[in-house]
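In order of appearance the chains are A, B, C and D, and numbering begins at 1 in each one.
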Amino acid sequence: MQRVGVFVCWCGSNIAGTVDVAAVAEALKNEPGVVFSTDYQYMCSQAGQDIIKNAIAEHNLTGIVVCSCSPRMHEATFRKTAAAAGLNPYMVEIANIREQCSWVHKDMLTGTEKAIILGKAAVAKVNLNTPLTPGESPVTKRALVIGGGIAGIQTALDIADAGFPVDIVEKQPTIGGKMAQLDKTFPTLDCAACILTPKMVDVAQNEKIRIFSYSEVEEVGGFVGNFDVKIKKKARFVKEDICTGCGACVEKCPMKKNPNEFNLGMDNRPAIYIPFAQAVPKVATIDPNACNMLKNGKCGLCARICAAGAIDYTQKDEIIEEKYGAIVVATGFNPISMEKFDEFAYNQSKDVITSLEFERLTNAAGPSAGKLIRPSDGKHPHTIVFVQCVGSRCDACAEKGKEYCSKICCMYTAKHAMLTRDKYPDTEVYVFYIDVRTPGKNFDEFYRRAVEEFGVKYIKGMVGKVTPEGDKLKVQASDLLSNKQLHIDADLVVLAAAIEPDKSARPLATMLTASMDTNDFFTEAHPKLRPVESPTAGVFLSGACQGPKDIPETVSQAGAAASKVIGLLAKDKLTGNPCIASSNELMCNGCSSCERVCPYGAITYVDKEFRMPDRTTKIRRVASVNPAVCQGCGACTVACPSGAMDLKGFANSQIIAEVDAICK
Amino acid sequence: MQKITKDQLVEKTVALLSDGTVSAVLGWSRGEFDYDITPAVFKTAEDLKENFVWNDFCGANFSKYLVAQTGKVEGKILVFLKPCDTYSFNQLLTEHRFDREKVYAVGIPCEGMADIAKVKEIVGDGIVSIEADGENLKVSTLYEDAPALVNAKDVMAERCVNCKSKKHVAYDELMGDDGEVIESNRFDEVARLEAMTPDERFAFWQNELSRCIRCNACRDACPACTCEKCVFDNPASSVENKAPANSFEEKMFHIIRAFHVAGRCTDCGECSRVCPQNIPLHLLNRKFIKDINEFYGEYQAGAEVGSRAPLVDYTTEDLEPGEVFDRGDKDA
Amino acid sequence: MQVKEYKPLIVAFCCNWCSYAGADLAGNNRLSYPADVKIIRVPCSCRVNPMFILRAFQRGADGVIICGCHPGDCHYTSGNYYTRRRMAALFSMLDFLGIEKERTRVEWVSAAEGAKFAATMNEFAETVASLGENKRLEDLRCKR
Amino acid sequence: MRKVSLDSINKVFAKISESNKLYLPVDGSDGVAVYTEWSEGKEWSNALNTVRSPKDFFFPQMENLMEFKTSGKNIELVDIRDEKEDFVIFGVRACDVRSFDILDRVFLSDPVDSFYASRREHGIIVSVACSKPSETCFCKTFGIDAANPDGDVTAWKTEDSVYFVANTEKGEAFMKKIEDLTEECDDSAVTAQKERIAKIMEKLPLADLSTDAFGGGKTDTFFNAPEWDELSQTCLGCGTCTFVCPTCQCYDIKDFNTGNGVIRYRCWDSCMYSEFTKMAHGNNRLSQKERFRQRFMHKLVYYPENNEGIFGCVGCGRCLAKCPISMNIVKVMKKIGGNKSE
């Protein structure tokens, strides 16, 4: 049996004005377990807290009920008071007789009656409280960033800057991501390489940062502060630490006709290659599907040429195991495939290209050395049609495309159109759009300049069909504002393809038990208040893996994610919320219902041997809650059919006791 | 009446037992009469030959027994599964309730099982023997000189009249041909009750549930109720009792029972089959199934292993609890 | 002896993060609602077990309302989505048994919606009062 | 012997109902007979028997024993035993009449169960002979004559009439009440009926079932019999057999917290339940096999051992009809007693 003390606060006249506090204290004196009951003007004041502390000592109290303002206001205060008097802070219950009683009821009699009932409910609950101690777990002071695009790079740099070691895992042979492929960036039109490559060099030179390029995350175990990660470092057949990146092998390699991924297949690269001049790490990689030596055992030219002796045809995939305290997901995006969009003739004509391909075509380091040409015949295009929202903002039921707005297309299309007109004033540039969306600093001004200064022809309406005819592309479209059908003979058509999360995100989310939305974007812990955290503790989100984003937004989210990681890694120990779920193994069926509703992946299963009632032993699968990960929502407790899963601090028995007390 | 014969099953089973594929067999054992058949674990060929039966009264669903029996037997246990039993089998696998590796599942087609109460309604009491005779059952009684011929369709158990599937969704080996999922009228009775006024429905259930004697047969026979410790047996749960104290407890017991299996119930109908008081308990389960189908899309528990039960799942577009009452005839 | 005026007893389960705070805000703004509404704080609306609801009716409650964050705003991301499904199923079942559907309700109330909290409680209390005492899920032993 | 025409039986019921509550089997909405309080319009069922036995009248499934009222920390004890009045149960079959004797030996032996005793004292039993026994009947095994049941009054129902004989003082008083409605008659019709029934009893499929192997002193013979494993292996552990059984008499005493106090009540318990007779140290019968064995050993060995050889079963056949897995005392007796009778 508990020894409960009841402390009724007047809150000046806030409570005492509508509630007869003395009567409440008197009535609660008779409740089971109550050994002391009193009232005071301001319980939260130093003097009030002293009353509580003294009563705890004097009456050997094991539980406290404070009838006062909302627990959201002073629960923490009174828990500290109890702790200071040597009582477990979770032996305190608050009866909210201000916000939910005295302030909403006008009549003294009614207010007093209700206050007594709320007090009784709190007493009934505290009678069933048990002392709770928050769990502690150590923190491994190292972060993992998955993805080496601008999001991953910025996050890693910020974390490293705070003094914590960071590893970047990038599946391509170099970091840099999509931004490295871009030409200029909106709205300032500075060149992407000029602002990105110095950051890439910073990463390479930072002692706190390790880069696992050409690598993928293979397995994730553990929990916040204590993740165990296996990383697969794919064999690149070049010793990374020895290769100087001189490029001699690349020049001499006889297997030259392989589509160049970096230029989206618009030109070729050899079997041994460095993706681009500023690659980090600047190390060659052998494409095993293209190399004659690896395929047929014939050639070996690169090994003979390499002065450093870096070529190693026997290299195998390597598994690296490392512990991390925090994980940042920065897996980015890809344009969707245009395969299904037959109406734009993407598959029929080389002169129908995506915006990213356009980006490479206009890039000085691209396949055409920055000269805008038609991919089919190398001629200069005169009429260029840009089509926006290809695969974005589609009907939910449409078979192709995405329901959401890809967000960045309006701005980069304006950029493309403007740059084209700037460099080639002889061109005619059309942009077909549904809406032009330009919220962002200096964005709308940018778009208006494209229209007003550079004479880009913006037409509200969708392109219905593109038909290649001779060396022209017949573009059939509608102009919604003038309600006219348009026919344009174009030389080049550029499709602003929707963007989607990288394909690697879904399996990664499963490994991390991080949740995703139906479009495979990672979901945030809270859409407004915790936008860079995943619901899974210790997993953070950076960049377009969480939703379509432009570069400034990505960089700011990357910084935000980094600051969350730094905040986590700065702690030596993590103290949990003790009001968490726990499973009674004797009653658990191992049915997985709880695991399925847990938003945090806090529940795992273990096979345990049990002594059965009939004296036999049986191995059973039972749930186990990770106290460091559980946030105490209680979804599992209701999903559990046997009642094996219960929530500390809000136990079934406690809530039922409150119900009973209220309904008496 | 049943297309597969008992002899075929015994032959197959004896072969699997003697070549060591299985070390025990969960099957039906003959009783005192032709209809009182008991589930049994057979371990020898002799026992099988002497006691195994397969006829129109082999209604028991064996899936649940696997939870306990797979732990008791060395090697594999053979289990006979009628189409409806295979759904329970899968659901239990989804919930990790037994080790699939320890089971050898033999699917057998089912033409529907007879309900002895319906037989007695037609031919009267004092049944001495029941034999299958083509489409009919030949029933001899103490009180009539000549045996009565009863069409098996006329005495089919309610759950078989409203059979949802003749298709086996799990087996290692199938005897005979597999059937199809059936468009049944199983929700008609639920719809009939839904069409009543609340007062009529209240009176209907008050009458039905007042007969409950809390024998727990519905729970203990239910293949979805495999809790290590049922809340109704657990004094700490606040709902435990050994008797239906009053009409509140009658209702509470059946609401909670049905809610705990909602989304997991395969509609096998064992609850109603075993109820000694003839309470149509399956209607409560079917109400949940019908609602879930209408609210969240068609879902058949046990149709596949590993599927996510609707009540441990969600979409952001789900209907609001207040909307369940005014959805009207949205399909009409 | 004066006949005591019938006042419905209403149990409101409020999630800690939105609705309980919404109720606090109603208090801050001095928005009144009947004293017959008694609030029980739960971490999330998904903590509310159907057993609690039946228990409240058994013990004499005339109405039970569950309040949580708006869908999409759950502090725990998905808790209220489960609440929504569970309660839809449960309420439909109670209705199937002929129990007045107006006695149970789910309402989403954010921390900023003090006015909505008070209005909801006023309206719900009125609805329940019009139904009269809960007879169909009462346990007479608790009224001795 | 007196008789009343079947057409006028409702007049008899009406007459009795004037002074006493009268309960008799009436077909419910599902067509199954249930003991129901008679009122105008209710018809005596033709069913052989009810699913729930009439033991409820003396030993109800749930019965409040006392109440504690609490207010704050004060506790007050309240006697909530209600005053009993005489009541009539009509149409009780021979097997069920015998079950009362079996219950009496438990509840009326020292210390007397005063709740049971008071109900028993106020109950008047009008039995009725069986005319169409079921294949599940085996009362003869326990020496019960279905054609000639005990009770305060014995009745026989023929095609057109109901015949009565009073056996006790209570029975005489009952007959007195309906004297005007009945007429004196000879017993030729009843004798013919008895002979007809006797013939049927011989033909019943379980007519040869014998108790010879069982009885007091046989604990050692059967307790460790290997057959228990096989018999119990698919038992679900539900309480159907015990709850439909007219002789099962186990109960649990529980407290219900009303919020304003505690009601202490007793309710039927089942030895098939895992929580049966759970004590501070835990359970004394841990496996379903042990619980299953307990039930049948009690009926066939322990009860006769303590009660001059009388078995704790009356052969009513309810468990045969209602067990979800069709396991029952007949199967147990045949399997386990078959090779042990000496």
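Miscellaneous remarks
Basically, a contact is a pair of C-beta atoms (placed from the backbone, for glycine too) under 8 Å apart; a residue touches a chain by one contact, two chains touch by 3 or more.
Since the structure is predicted, the reported quantities are computational estimates derived from the model, not experimental observations.
Taking B-D and C-D together, the chain pair joined by more C-beta contacts is B-D.
Averaged C-alpha coordinates put the centre of chain B at 30 Å from the centre of chain D.
The geometric centre of chain C is 46 Å away from that of chain D, both derived from CA atoms. Here the spacing of chain A and chain D, counted between their Cα centres, is 68 Å. Between the Cα centres of chain A and chain C there is a gap of 35 Å.
Counting partner chains per residue, chain D has residues 256, 259-260, 274 touching two or more of them.
Residue positions 597, 639, 652, 656, 660, 663-664 of chain A are each in touch with at least two other chains.
Touching of two or more other chains is recorded for residues 231, 237-238, 245, 311-313 of chain B. If each chain is drawn as a node and touching chains are joined, the picture has every node linked to every other. Only residues 9, 11, 16, 20-21, 23-28, 30-33, 35, 38-44, 46-52, 55-56, 59-61, 72-73, 75-79, 82, 86, 118, 142 of chain C touch chain A when the two sit together in their complex. Residues 30-32, 613-615, 660, 663-664 of chain A are the ones touching chain D in the complex. Contact residues on chain D toward chain B in their complex (touch as defined above): 28-32, 34, 48, 51-52, 61-62, 132-135, 200, 203-206, 230, 233-234, 236-240, 242-244, 252, 254, 256, 265, 267-270, 273-275, 320, 322, 324-328, 330-331, 334. Interface residues of chain D, counted against chain A in their complex, comprise 71-73, 257, 259-260, 274, 283, 286-290.
Taken together, the chain B residues at the contact with chain A in this complex read 71, 94-97, 226-231, 234, 236-238, 260-261, 308-309, 311-313.
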